[in-house]
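Next come the structures, one after another.
In what comes next, chain A is part of two complexes: it sits with chain B in the first one and with chain C in the second one.
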Partner chain A sequence: MDTLIGAAKPSHSAVSATSADLLRTEDLRVVFPTATGQARTVLRGIDLSVKPGEVLGLVGESGAGKTTLARSILGVPPAPGRIAGGRVIFEGRNILALSEKQLRLLRGRRLAMVVPNPRGELNPTVKIGDQIATMARVHLGLDRKAARDRAFEMLKAVQIPDPERRMNAYPHELSGGMAQRAVIAIALICDPAFVISDDATSGLDVTVQAQILDLMRKLTAEHGSAMLFITRDVGITAHFCDRVAVLYDGEIVEAASRNALFLSPAHPYTLLLLAAFSHNPALRLGWSVTAAAAAPAASDACIYADRCPLAQPICRAEKPPMAELAPGHVVRCHFPVRH
Partner chain B sequence: MRIARYLLHRLAFVLPQLLGIVLVSFFLVKSIPGDPAVLMLGPTATPDAIAGLRTQMGLDQPFYVQFILYVNHLLHGDLGTSWQTTRPVLDDLIQRFPATLELVTFSLILAIAVGMGLGVVSALNPKGWVGKLTDIYGLSAGALPDFWFALVLIFVFYTLAHWAPAPLGRLDIEVIAPAQVTGFMTIDTLLAGDMQAFRSAVSHLILPVLTLGLINAGPIMKMTQSSVEKMLASDAGGYEVLCGIPQNLVARHALRNALPSIVTIISVLYGYLIGGAVLVEIVFSWGGAGQYAVQGVLNSDIYPVLGFVLFSAIFSLIVYILVDLIYVLVDPRISH
Partner chain C sequence: MLTVEHLRKQFPIAGSRKVVSAINDVSFSIAPGETLGLVGESGSGKTTVGRIVVGLIEPTSGAVRFNLAGDAQGKARPPNGKVQLVFQEPAESLDPRMKIGSTIAEPLQALAVERTEWRRRVRDAMGLVRLNPALLDAYPAELSAGQQQRVGVARAMITEPELVVLDEPTSALDPTARAEIIDLLKRIQIERNTAYLFISHDLSTIRFISHRVAVMYLGMIVEQGDAAALFSRPQHPYSSGLLSSVLLPHPNLVMESPVSLKGEIPSPIDLPTGCFLASRCPFVIDRCRGEMPPAETVGPGHSVHCFRHNEVAATTPASKTFEAYVAEAERTLMRPARQPARFIPQP
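Right, the complex of A and B next:
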């Protein structure tokens, strides 16, 4: 793997939209209806862009809306969520305006997803080889034999041990790591232009996790696929991503090139995230995270104000706009940390 | 081979299970008040004659002696004699049980076709008109008594429209019944090559099969609908949608993964209907086994009742073994 600082690609303008984007979300909003009738906003207007071949990391804690974002990009927010506004532009077309049929032709074909907990997501009664081959039959129109051959090649490419035998194995007969490799095979068999990895390695132990990450990076590079790499572990993004965006409570609070984010994080939340993963106890303790406030923040306040160690009166009265600190480094904070 | 070993394992338990069922039903039937000796001899019998008959029938023996005697007879293939028909219970049941089985089997096939069809369509599109229809249908199928529905069908299709034959038995009176081979009238008439009798058998089956089939499609439909909906909403179903798998393929996988629960409800219905079809049998004068057993209960004629319980128990055990085999075939996660 690359070192943290060594191999960063030149950073692009972080969040701003240009025509060269492969995928771009514009003000994407998702709400969940609740029993009280008042909808809960889970995504509060997400602006992200990914260029062809680029790996964008998305970091956030549990409940920040990571999975909702991943699935909303594919047009299927987790039930009972509903896309309340915004656009998802992929290869120049607004995905959210496509018919279900047109969307189906994109999913799995041009836009693929690697899911966490694959043993629960794979169909328990269909053999692994057939599940991978189905993708090639459905999306590439291959016949049964050709699709199975291609599935077998994919199983070899994801370095699953004993691929002949795994072709005829059922999901419950695979280990977590093997199932994760099978899901990567499903995601990549159709050569997608864009891959979303939704916390794909969260259930695996650390060594397997490293193998899977290496594999994903190698294969997406070979296929020239761009990637949205979603994780809870900010440390992984240091090894893996060209740019990193930080998601907090349904809002992007900071986005920057990898080096800029790790060397000069500007948002207090980003700092705390990095501190939480730091090996330096002084840093961890000095920036200890306050407990989440019970009362929801007012709509015109900074969403992070109640947990922010630097919060000032203005933070509770006025929502900070997204501001560009340096080219490609944007942050949503009244008092960005200067380094 | 695994399946063969599993079958042997299951069959080893069949005999003790049957013995338990016979013991419990023997005890329950014996606790029904009423003295068969009194009923057999009629109101003018002398106490001496009654006592004599009781001794002759073994009714003066202790309970456990009576039970051992009964089991001993069973082991020799003797299910006792019905005092109402004065025929061996085994002969009666061999004639009547297939009549019920034929009725119930065809009804269940209709119920499966209607129930699974509507269930799948409504699960795929719960807000469509089929979804609304199934809601109403499920409700009414659960609420309508089957004998009442049978009477309505008879009134419409026999009394008014004259499309169906009179609800009196399994064949027209002028048709000669074929020799019994399977006991299924439709199959036996075909085996005998008697097309007139075959048509008669089919026409007599239509109304009772419609009655039982349409009523019992309700639970199958509900189970299909809810379990297919659950499979579609499961992680695996959602993942297939994320992968752009076409809807009909997603639906097929969902139905396949929902099969175990659907097969379960079908097997429960199959066992239940053997006795539960009795009201419909009575309405259509079907001469089935349920009718026979109910007559037995009402007249303290215990051997027909016990024989019926034994037959249904054996039948249910066979059905449940088949269901377990289907589970193994459908779900690779189950291995014994």
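Right, the complex of A and C next:
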């Protein structure tokens, strides 16, 4: 199955029986309780899949649910959110059905996450080398010496200058770029099969970002790891990812190979997003609606109908299905743009 | 209208005799209605330059002179309201307990503007940045990040400044909100002939908003020149390396450069002798480690601090990548004239 999101998707049980996916989410739903008592839906049924060795980009703006998705895949949606439905199948098992103990064995070992703000992620009172080595001791059962050796190898692999000295450095002694390298070392030391990068390069300078991206690609390729690369910088995904999915308001609206997504974008939201990067106001205004359209549509309307310049009555009445526009290129729109 | 000459700024380090050399001999000028893009990595001193220009920080040495409309000669300090600043973090730069109408009006306190005039001026400023007048009594927390930054721009523009220093005004924003703010700033510049010092680490934004560009590294402007010329044929290895790290949202368009920068910016506490880039530069020769290359003029208004700028320019093919991207974007992203046909998936 080459499509990211099954257009004519068989029932869930049938998919999981045959698929070669490393990780797959099926109809993943997350809700947040609100003060009014009515739950707010943050993820509206996410179906996506990643094959071994593949880098899947996920782009969207703040509030689209990117971080909620990343955390929910690890079974820990950000508080007070809770998973209201769906499954996350990783190496054939539903992560959401595992016990906390089983999950702990998986996270950090087979599934790893790299987050932004690396210095906030590191323990300020523990030396870098020890923080990295702890992962190998806990998950790989190495003794102290072997774990430290492995941590040192990792620091070299992430190209931290002067790794001998950095082993004994505290996080505040590292620059942002070096701290991000250390966090990557922690994430990759156990050879995880799947790495989630949640905006991991957003706080870095461009030249450092380029180095970190090269490094992540090199290390994941060497280990055959797959990656979910979450970012709001569409430019990165055009060069770094094999496939790209676009998230809008908790729903994936389009997904395709990177060439198809950038050369023949079909969903009006994807077009708006790309036009925003073009620095050409005429293009962006073409995909914007100046005023919010009439009454909010029915609950089963297209979620983008109110902001969509192509919206027709049917968009407010009927939610479009995720459908395959071309092999591997899926879009959730009644009126996708054809190139 | 603004001339900055040989600016230096050193910050003392508490408990030490050492100093942080944030700005090391920076000179540039900005003409009325012009945008100078100041680009560089964190720690390069961009923000310090901006703060010195608006007068929030005193330079250690060097001169900042304004030649504003109606002035016979340069002044070190402009009249109130003629030079304004827009901050990076829109949420943090607004008082959370102040209604946005009052926030926008605040700079008028320093000017001799009649109280009765304030309301009209605030409405005009809100109109200028396309903020709904209904938001006059809203608090910052009720606004989106893009709206908050519009408040920041309105607050700066209400005094009708001749120069606005924009310190990373869009880096905290989502792509669509960022594009709206950039368009807004360009429109205001055309309407009012306002000059901008636009500080950013985002090269593609700099490319599209600036008339001229100054590339900063470790407190120095290593290259400055016309935006299109500098981006199509950078002559300093650092400019070239920075450009090669730009990732355009197009899978087949890559910025070509013989330079890929390794490592990170050195500490501004113990400045290297010689050229500051020597430790990261693939063009380095012995001479670079011993002496600082002087500024050389390589074209009209184009200067560069590099002994080997000719070789850098020669090995960098004149790049039309940005132009190619603009054309590609137009081709791919133009809204079709006719409504696309209803798509009915095959069962």
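Following the convention adopted for this analysis, the second predicted complex is superposed on the first by the 302 of 339 C-alpha atoms of A that agree within 3 Å, B and C clash if a C-alpha of one lies under 4 Å from a C-alpha of the other, contacts with A are read in each partner's own complex, and residues count from 1 in each chain.
The definition used in the following text is that contacts are C-beta pairs under 8 Å (C-beta built on N, C-alpha and C of every residue); 3 or more make two chains touch, one makes a residue touch a chain.
As the structure is a prediction and not an experimental result, all values here were calculated from the model.
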Original post:
Can A:Val76 be said to touch chain B (first), chain C (second), both, or neither?
Top reply: first
**OP:** Determine, under the contact definition given at the top, whether A:Ile186 touches first (chain B), second (chain C), both, or neither.
**Re:** first
**OP:** Check the residue A:Pro309 against both partner chains and state whether it touches chain B (first), chain C (second), both, or neither.
**Re:** second
Original post:
Touching A:Thr125, do we find chain B (first), chain C (second), both, or neither?
Top reply: first
Subject >> Touched partner set for A:Thr36, first chain B, second chain C, both or neither >> reply: neither
Original post:
For A:His139, is the partner it touches chain B (first), chain C (second), both, or none of the two (neither)?
Top reply: first
**OP:** Could you say whether A:Arg109 touches chain B, chain C, both of them, or neither, answering first, second, both or neither?
**Re:** first
Original post:
Taking the superposition as given, does A:Leu274 touch the first partner, chain B, the second, chain C, both, or neither?
Top reply: second
Original post:
Per the overlay, which chain contacts more chain A residues, chain B or chain C?
Top reply: C
Original post:
Touching A:Ser299, do we find chain B (first), chain C (second), both, or neither?
Top reply: neither
Original post:
Which part of chain B faces chain A closely enough to touch in the complex?
Top reply: 233, 235-236, 238-247, 249, 253, 256-257, 330-333
Original post:
Which part of chain C faces chain A closely enough to touch in the complex?
Top reply: 41-42, 145, 174-176, 178-179, 182-183, 201-205, 207-209, 241-242, 244-251, 254, 260-265, 325-326, 329-330, 332-336, 339-343, 345, 347
Subject >> In the complex with chain C, residue positions of chain A that touch it >> reply: 7-8, 61-62, 161, 175-178, 205-211, 232-240, 258-259, 262-265, 271-281, 283-284, 286-288, 309-310, 312, 314, 321, 323-325, 331, 333-339
Subject >> Complex contacts: residues of chain A adjacent to chain B >> reply: 71, 74, 76, 79, 104-109, 112-113, 115, 117, 120-126, 134-135, 138-139, 170, 172, 186
